[in-house]
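The structure is given below, and queries will be raised subsequently.
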């Protein structure tokens, strides 16, 4: 029976087709191929929804569909396959939805603004979506890596879309290079997984998490290269994590993301909300069964996440450009997700991944709308008072901001709260290291609230602070439509998993728990909990979600309140000077870029030049030296031929005499 | 009778005298004469040892050598003649247009 | 050919076996006769034609003998003549092929080269007499005949080198060649006398027999042997008797240079091979007279000196002169890589095969020089710039010769050189091959300089080349085709060479 | 006789083109060079060999008869194909045609000679990859140098004479070293071999028939021969520190010659290493695993670091070839299916990709007449198509998944990491893999500076999109790269069949 799953490949292929179409005939199509993209992504979206419901009906799908390299005589066979379980089904819906909205929004942002090179743009979007979807449905680590890399390529192409200006190409290069650095570790990890388990499948009895689990139980022996199994699994896990840190812009590889703002705003929305950056976290969730075996890697993940959340939030506080604020908020939010995963909150992290996708896409598109209005001026200090001029944008943006800040009942509150809660309970439950991460995460909540509302106030409230702000450029349905959709989602998405409420009322309303609870054996949240219990030694302390929830809510409100107090007047002034020395540090992002650029320019470049000198001078010098020496000696040798025949006679005689004497002595003639 | 070693010594002496002439004389003609001397050193051996070994091979070959020596001189003189015509001298060290 | 057919079957007089030598000599005499009938005529085509025809006829006869197996085991072994003074066997016939084909190419090429010269009849006669001497050298089985035939080959050569009487270079070359030659022949003769003193015989087999009996005069024998070696070193232009070669080849008329550097050198090797293998067999040498070691030293020094000196020449002809010294070094491996019970036949055969191929490529190269001199182009590398555009055909041929000399495929020189190294390694003397390899790589450098000048460098001079001389072109293209074909058709060459070489041991 | 036909066709085509008038030579050569493509593709379709030609596997399109006898050992005319050589033959024929087409624009003097030499080189390259007798192989191996010398020397850049002679002599010395080593080895085998046929020699060597020779005992002889041959082939590959002829040759060579040089000539070295050293003497190779792996790692990193310092686009690609060839060595020494198979696959993949890169650089050079990164920027503004393909090719070079380069590199990494020849192999592999970061570094930097940013060009030439026949070869190559990247099994199956016998431990191992 041709079940819906037979159409899953189409989810991936439709956007790819739109890529080809836009690339080939984009110029001849209306809107430079936009409609092709919209139709394709919308089609994917519908198929995803259908898949989603099929999965909710209890069906799952784990199927190899293509043999990439068939290993003979017992060599590993490398394949592509589809893995449709609740997690991937949910992700499919999110990605396709946001991709569709971004396409629509692009009509307003790109076409109406009379951009050139639109076919290239829509081709990029199509390929980007296709790559991400391929990554989502991947059933093994190698396939995941491949599409992971393709995602990186697309980000390069789209961030560098305006290649005629100096900024974007540089930003694109940085984005690809930094993530490539992470992917290096990822690739080593992939190779290591193959070398260890002989497979890289995510699911099934022959999947590497399962084999690893058995190996720890001693039921199955794998090649751990002389390490104690758990140690080796930790190493492998951390190697793969390198790719995650790169793509999800976690410390210290987060530096590419703010620069990536050079790209068109819809692209930023896509990158931050649904595709590239989400890919990292999704990967961890995807192979959570493997990480759950190693408390070390879990706590490292948690610490990276918590630190990044706080670190990025503080930087977001002082930014002037609206998109910069959003960029740092993204880094910070993904920090939360990592925190959740590391803290044993698999569901929480997934939940936050979902909600964040909605409200961050919303915020970026909203920012895009503002930027259109401001004639592509992004400086918040020249905005202000826009809420009357563009109400739709304002209210949707506000909804997104509330979600971001984590104000009840907006989506962000529930997910972020659960992340913190899970970390806390496991921290108290005997993994004290998590408490550090928790503390950082909690502190970040305050800053989040602050910079979010600073942004809202500066952009929409007060008096217009520039001519453009007084008379902004209007936006059309194709901008407002996506905003409205996402605005509603940002407000309501959290309701699917209101843990505290469930706690209070005892109602069975933690739909996400149920959702992720079923599915393929070994990939369910229940199984993960068992693993955490048995392998990582994570135990949940007995405290209710209410108190922590109130704490974080209070902090968020405090932050928002401070922002309101500082910036809610007609002519807000900069208060950054109050930060004193910290100000410059924050403006310079803790000199993260500086030291990385220093590494590149002041260390690698001179080193390579030195190597070049060495190569030219020494290695090649030897080669040329040999030739010159032999030619020189040739020049000497020919001087023997003096041209005077008497000398020849002499030399001849001497030569003969030498021979005779030599042999005479040798042979004892005399 | 005279032991054969003495003939060897004699011939060696003659040979060396000839060689000495070649190495020291710059006049092409003297060069030629010295060569003759060396060839005759060979002849001494041939004749002497023809006697020692009691066969005539040596003596016969001696005659060959003289004939060839004559022929050599003929060619040599011809060359030296044109040499004198072209270079106006028979000093063998003067002709060094080609070297190295 | 019917007479020859008969020769193979019925016991005809053995003297018929020296037919090649006789043919050459008679042709020479014929030329002299014609010339004396009409001394003033300088009808070069006829003279050159006769001389070429004679050489080719001798070549055909020798080839025929070789195929029919005259003087080889197949037909009752070597044919000894005149009280064993001469012997006709596979090796002598093989070398005869080299001398005759080179003589033929040189003769036809000289037609144009000498067109403005007088005494052409003498020239061709001298070439043929020299060739006769060489053939006899390869046949000589006694130190006496060796000496006489060597002189028979040398004396005409002196005259040929000095043939351009009004050309200082030619005369200087002749003088140096002659003086060194005279000295060497004296040394040679003295050496013979010493060997005679030690063994009491001049015939190779008797000498060997005497040695096997043991001699009281090891020292005398050793000295004699080394002096004989010197005589051959002169003929093959090997260190330390090589000093005449650069000047002689540079100064002589190019065809003569070709003749000397290819045929005369091969003749030297022919007689050297026979003398040292027949008269002084390794197995019967008294202690202390290990001539193999001497040849090893000579081989290494010769090839190194030749190649290094050639590397930095400005004058193409002189570069070729030095390169021919280098190749003498390679060929010496044939004697240097011998050992008591090693694969001596293979080594010697490889060396012979190399000399044959060398006969083609080196002759061709010098004849190209002749062509260029005929056009009046200068002699330095710079003067050759851009010739490829002006005379593509000849330049292609020259490139073939150069790459073949350097040992690059797809040319005969590749096989002959690498087979030589191959057999050296086979005999266990891998270090000889290594030295050869280094030199070979260096030689690639200076040979490719010529090719570079011909094809890569841009033409600077506005010199107009004259007509395309038929004779020279024929000879050059013949040599080029030969060089090219000797790669795929290397089988008969190497296999014949190694078979006939085997007969010596 | 198919192979003879293939080679003969190429030779004849070369002769025909030599004598054809300059103005038609290019088109004529391209047309004639289609015949070998058809031939090789037909052979591919008919290909039925399994196993390794040297180790008793069946040989496709085999011809074998005695050519001549050298001191008791027969030299045969012995040609045939197996899973290792088949892909390389296809690569050679296709790349030649594309290179010829890409020469239409830049080569404007003495065309007939140029194209004739290209075809002559193709013929010899086909010979190298099909010959199974040492001497036959060696004839072709050396003959390849001749056309390359002219191609670089006549149509090259300002320092072409230096580059040409350097390439010529350097590689020739290498061949001589290899020759001596191998011949000594053969004689060490004594009577156990009767000819110069490689299968015979390989079997005997793996069968442990090797005896002492020339004062060396079997072990020492084997080691000495291995080292001599490794160095000899290493120059062609090239491995660090024997690589310095390569950048000069590449920079000075005209684009089509660079394409052939990087695309096929370098593969001769790795092909020979695989056929000789690693197939015949696995025991020595595995005894020397640490030095060899170190050389591989150093070649990868050192080459990449050098590429980082270059300003000349061609030099960048040249050094990155050194880097990529290092991967191949790493794969060979791994002695796993994926290692050796991946190395073989990488030969083809890198052949296509480096060809693509050199052509792309060439197309830009044709219009701008400069290759210096600093001399231009924003080229993409004027040459969108070329730049687009350039970017695609660059990402292919960086090992972007679903392009051939990734397949090759991933196979190698996987095979090398899992290799059991030495405990430290995973470390070597990880170290070598860092090359993928550096390669991204210098290619992205170069692209950012030349292709992107505001258009700037300080030259008097009009920068416009290249002609169709300039871009078409690029597109074809890109397509092939992607096809091979999506479906590596097209070649990887036959490669594995040919490679696995090498891994099975023979008597010598």
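Letters A, B, C and D mark the chains as written, and numbering starts fresh at 1 in each.
Criterion: contacts are C-beta pairs under 8 Å (C-beta built on N, C-alpha and C of every residue); 3 or more make two chains touch, one makes a residue touch a chain.
As the structure is a prediction and not an experimental result, all values here were calculated from the model.
By number of C-beta pairs in contact, A-D leads when A-B and A-D are compared. Computed from the mean C-alpha positions, the centre of chain A lies at a distance of 97 Å from the centre of chain B. Centroid to centroid, with C-alpha atoms defining each point, chain A and chain D lie 37 Å apart.
For the pair chain A and chain C, the distance between mean C-alpha positions equals 78 Å.
Separation between the centroids of chain C and chain D, computed from CA atoms only, is 42 Å. For chain B, residues that reach two or more other chains under the stated contact definition are 22, 92, 95-99. With touch defined as above, residues shared between interfaces to two or more other chains in chain D number as follows: 169. Within chain A, contacts with two or more other chains are made by residues 627, 638, 641, 643, 645, 649.
Applying the touch definition to all chain combinations yields A-B, A-C, A-D, B-C, C-D.
Within the complex formed with chain A, the chain C residues making contact are 175-176, 179-180, 183-184, 187, 218-219, 222-223, 226-227, 230, 239-241, 243-244, 246-247, 287-290, 293-294, 297, 305, 307-313, 322, 442, 445. Taken in their complex, chain A has these residues touching chain B: 638-639, 641-646, 649-650, 653. Listed in rising order, the residues of chain A touching chain C in the complex are 627, 630-631, 633-635, 637-638, 640-641, 643, 645, 648-649, 651-652, 654-656, 659-660, 663-664, 666-670. On chain B, the positions that touch chain C within their shared complex are 4, 8, 11, 15, 18, 22, 28, 31-32, 35, 38-39, 41-46, 48-50, 52-53, 55, 57-58, 60-61, 64-65, 68, 71-72, 75-76, 78-80, 82-83, 85-87, 92, 95-99. By the touch rule above, chain B contacts chain A in their complex via residues 19, 22-23, 26, 92-93, 95-100.
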